[in-house]
Each structure stands twice: as C-alpha cells, then as structure tokens.
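The structure under discussion appears below in the form of structure tokens.
Naming follows writing order (A, B and C), and every chain is counted from residue 1.
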C-alpha cells in the first residue's frame, strides 16, 4: 500500500480547516436574511456546489481533449475522477435547491433554468459513467469517455439557453415568476464574504476529493497489473 | 506488375473530392438498397411510431382543444423514440457482421463514412416522418402540411441525427448497447426537442414568424455546432 | 514490402505483442501460425491499419502506419474470418459498393472478372444471405482483390469451411498469390499453412519465435517444432 503523500495530507488539513471556517461564516458571520430567514443560508452551499459541479465538468471536457491528443491514460483517470466528484456535487446542488424552494415557494421543484440545467448535467454525468461501464477495453473506454465528455459539455450551455428562452416566453404558474431569479435578494458585505468563502472552500474540497479519487484509480490499476502478472506466471 | 496495379486502379487521376463524394454516395446507396430488400428498419420504426401515437391517444384523453396544445409534443416524442430505433439498427447492421471494418478499410477519410451514415439515417427518419405526419393529421383532423412546419421538422431531424449517429457508433460497441443510446442521446439532444416543439406549437397556432424565430435560430445553431463537433470526434470513435 | 520493428501492442495493461519484428518481401507468401490468443489477429489488424500500434514502427511499401494509413489502404486487400459482406444485398451489389468506396474505375468489367476468378458468376444476382459459408468466403476474397491490391492479408480464412470448400479456397489462394502479390495469412491449420506458403512464422510469446522457409522441414518436423516452440 502506498502511503498518502505528504502534500495530500497538507491539502486535506487545509480543506478541513477551510470547511470549519466556512461553516462559521455561513451560520454566524452572515446575517439572517430579512425575507427568507435562516433557510436562505442553504444558498451559500447550494451555489458553491453548483459551481463545483460545473467546474468538474469543465475539467472532464478539457482532459478529454488532452487525452485524445496525447493518448496518455493518466488524463483519462483524472477525467473519470472529476465526473464522479461532479455527480455528488451536482446532486447536492439540486437537493439543496429543492430544500431552499420548499419553504419559500411551497414547492419542491421550480422550473428554474439553472436547476433544470443542473439536472440535465446530472443525467449527462450518469450517462457518461454508464457508457464507460459497458466497455471492457480500457483504451476504448477512455476514448469514448473523452468524446462523450466533449459532446455533453458543449450541449450544456445550449440547453441552459433553450430553457431560459422557454421560461421567458412561457412563465410557469407555480414557483417564481421571475425567470432569472431563484428568489433574488441583495447581498450585504458579510453575506458576500460568506459567499465567496464558500466558493473557495468547495473548490478546495473538490480538489482534495479529486486527488483521493485519482489515487484510488491508480492503485486499483496497479492491482489489476499485479493480477495479470500473477496469472501469466 | 506493380506499375500495372497502381495505374489501373484509376484512383490517382481522380480528384480527392470526387472520391470523397462518391464514398458518401456509396454508403447512402448501400443503406437504401439493403433497406429496400429487408424493410426491417422502416417497418419497425413505423409500427413503433404508430403504437406511440395510439398510447398517447388513450393516455392523454385528448379532446379537440387539449389536442391543439399537445400535438407538437406528441409528434416530437414519437419522432424521438422511433428515431432511436432507426439509429440503433443502422449501426448494429455494421457492427454485427463486422462490416464496420469493411467500411474502415476503404481509402477515404473517416468523415465520409460519418456523412454517409448521417444522410441515410436522415433519409429514413424523414420517410417515417412523412408517413406519420399525414396519418396524424388524418386521425385528428388537423392540417399538418404547412411549409414552415416541414422546415422545422427537417432542422430538428438533422440535429437529432447528427448527434445520434455519432453516439450510436459508440453505444453499439458497448455491452449495454440497446438501452445505452437513449440514455446518452436524450440529455444532449434536449435543446432540439425543446426548440422543435416550441416552434411547431407556434406554427400550428398560426403565430407570425417573429414569435418563434428564436427557436429556429437555436435549431440552426445547434445543427451547425454539433455537426462540427461530430465530424472531428467521429475519427476518434472508430479508430482503434 | 512489409517492415515491422519492435511492435508492441497492449490492451490496457495486458501486452499481446511484445516487441515483434516482421519483414516480408514483395511476392512472398507468409503464413503466421500460433495458438489462440497469441496475437495473430492483432498483428493482422495492425497491418490492415484497423488498429494502432502501442509502440514500434510499421510500414507497408514504404508507407508508415498509422500516419499514412489512407494511402496504405489503397494497396491493401483484407479478408477477415468474418465475411464483411451485406447479407441483404446481392453479390453484384456488394462488389459494386466496395468498388465505389475504393474508387475502382472499370467496375462493369471488373465485377464479372472477379466473380469469374472466385467461381461465383452464376450466383451474381443472388442475395448474400443465401450463400453458404464457403461461398461467402470466396466472395469476400473477390471483394479483397477487387481494387487490385499489391498486398493481401488473410485472417484465418479456412475457419468454418468444410474440407471441399477449404480445398477450393486453397486453389484460389494459390492462384491469387501467384499473380505476383504479397500475401500474409494467419492460420491455425499448420499443414495447410506449410503447403500454401513460401514461409511459415510461428508467433509465440508476443514475438515471431521461429521462421521456417518452405522446404526446410517436412510436415511432421514442422508439427514437432511448432509444439516445441509454443509449449515453452
């Protein structure tokens, strides 16, 4: 077993510290929002999770291109790890959006463009993983994953745009009549600080989880290699 | 001897562009000729489309007024599902008898194969749509032969087939082949469905062009963007 | 004609070909034999430009693969153990399709000519799905030589053929090879390989373990050598 590298341990430490501080900032430093109350605090993590979900997808898209050019499977390994982490964060994004919507608009779901796009992104992620699962050859798996990662990523902004146009022309009766907002509110200075800090923290969490996941991938490949060697003796 | 074989092939003389177009044409011709003989693709797509319309009829209990708002949705869902069948089958034919290798051995750019497949898939889809459309119009006493509607159907089908052909080339090589294509395709092709349904509704309601122009633009943009992405990616999907 | 040096092909972490060297001169007929899973089909697919080498260099008639694959495919004729034919089309239509894909100029003359060579002229307008396995193989060879390639690659062509069809195939192979073409054939049938080829290469352990020119050994000795090499 490979020991956890020192840098990763340091990163984990930093990330944990950031998370604790973020919790403090969100629950104590940021004031109680006038209209929505405490439930508004979900917003900080909701948006941060959404940001990470998008970032993860962007990383997969870029690494997909890099893999197709270099054919070095280490890029593909990171791309897969990114998707897996991204799925989790996108799910958190959707779930927290739902939790936020319930007390505000008395509904579990709003057809808000960002929320719907996040759901489509989740579906794309899952499709990506299912595609890979159905292929045995590692090189082909990496190739197909890269291509789908690229195609899927390109479709996300177009999907967002189409839902947005749909919402402006056909406002939904239930839920927020404002097609661009999810219960908009003005942010005061402390709120802005909490918001930015949450973004930073979640980005760190992403990087930490990514590193662990890539490491896991590499170790399991090593196990496969050893197995192959044992079998051919 | 060697000199003889190189010259007689005649390929050196012909321009590369003519060879490219000829290959695309050959693939389309081959798919149509095979389909004329077996009729399995069109047959299954048509039957499936009819079944879907039937199911919608009973599931939605459409009275005349409700039907107007729902017609475009029903039509496009039908096209999307039937389209999946066609895409799957079209690629499966190549994969199952190893014919894909035969295609890949040809001394042409891979994109010629892609274009050929896209064109034949598009033709099949249009044939099915051309039968379903008047049939639906007949069943529900609605006139669907509006030129602008036909344009929307064409643009939507192009977007669907452009992405679908690329993804079916991947799906057909996976173990979970049949269920995988819709899972891969539908989230990506969602903007096409949204835009096509909205534009269709607008046209059926007799709205002026400005009201649904945005949707047409979206369709055209989607078609162009994904055609570009697909042409570049297809190589990577078929090269080992 | 064919120059392969240090060819390595791995699927994921599993190496199949481990630094293989393989040279074939113009006009030679080389049979590559070896146990199942030895990598014969992999080698052939790489030569046919259907797969990329992981490492090493492969060149056909001076053209490098995979960089100049498109040009290389012009001079290549490949017959796999799958017929690569469309069952819903007739023999004529199949040949016409491939002829167009390869840019063969004189198709109307060439198609009957090829059907004659593979002795399928009477079945020209019959659907391929009604052909027997042997007939499909012959038509597949017809497709392989349609564009007058200089290099022919056959992947276990005798698979699934009854003895009569296999013998007819042998005649065909000898005839086709005799027109000055270079042929590489993989086979698991050692005896046939020894009779047809001018050279037999034994693929084992991811490399060409032994190379035997025709006439060096008789059938019995070839057999013993094969088992000796592939056991070890």
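Criterion: a residue touches a chain if its C-beta (ideal position, glycine included) is under 8 Å from a C-beta of that chain, and two chains touch if they have at least 3 such contacts.
Here the structure is a predicted model, which is why all the values come from computation and not from measurement.
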Contact-graph distance - origin subunit B, target subunit C: 1
Chain pair showing more contacts of the two, A-B and A-C: A-B
Closest chain to the centre of mass proxy, which here is the mean CA position: B
Distance-maximising chain from subunit A - centres being C-alpha averages: C
Cα-centroid distance, subunit B relative to subunit C, in whole angstrom: 36
Length of the line joining the C-alpha centres of subunit A and subunit B, rounded to whole Å: 32
Length of the line joining the C-alpha centres of subunit A and subunit C, rounded to whole Å: 50
Where subunit B touches two or more other chains, by residue: 240
Subunit A to subunit C touching residues, read off their complex: 137-139, 221, 224-225, 228
Residues of subunit C that touch subunit A when the two form their complex: 11-14
Contact footprint of subunit B on subunit C as seen in their complex: 26, 45, 48-52, 66, 70-71, 73-76, 78, 80, 82-89, 93, 97-98, 100-106, 127, 143, 147-150, 179-180
Subunit B contact footprint on subunit A (complex, rising order): 68, 120, 123-124, 126-127, 130-131, 133-136, 140, 143-144, 146-148, 150-152, 154-155, 158-159, 161-163, 165-166, 169
Subunit A-touching residues of subunit B, taken from the complex the two chains share: 163, 166-167, 170-171, 173-177, 180, 183-184, 186-191, 194-195, 198, 214-215, 218, 221-222, 225-226, 229-230, 233, 236-237, 240
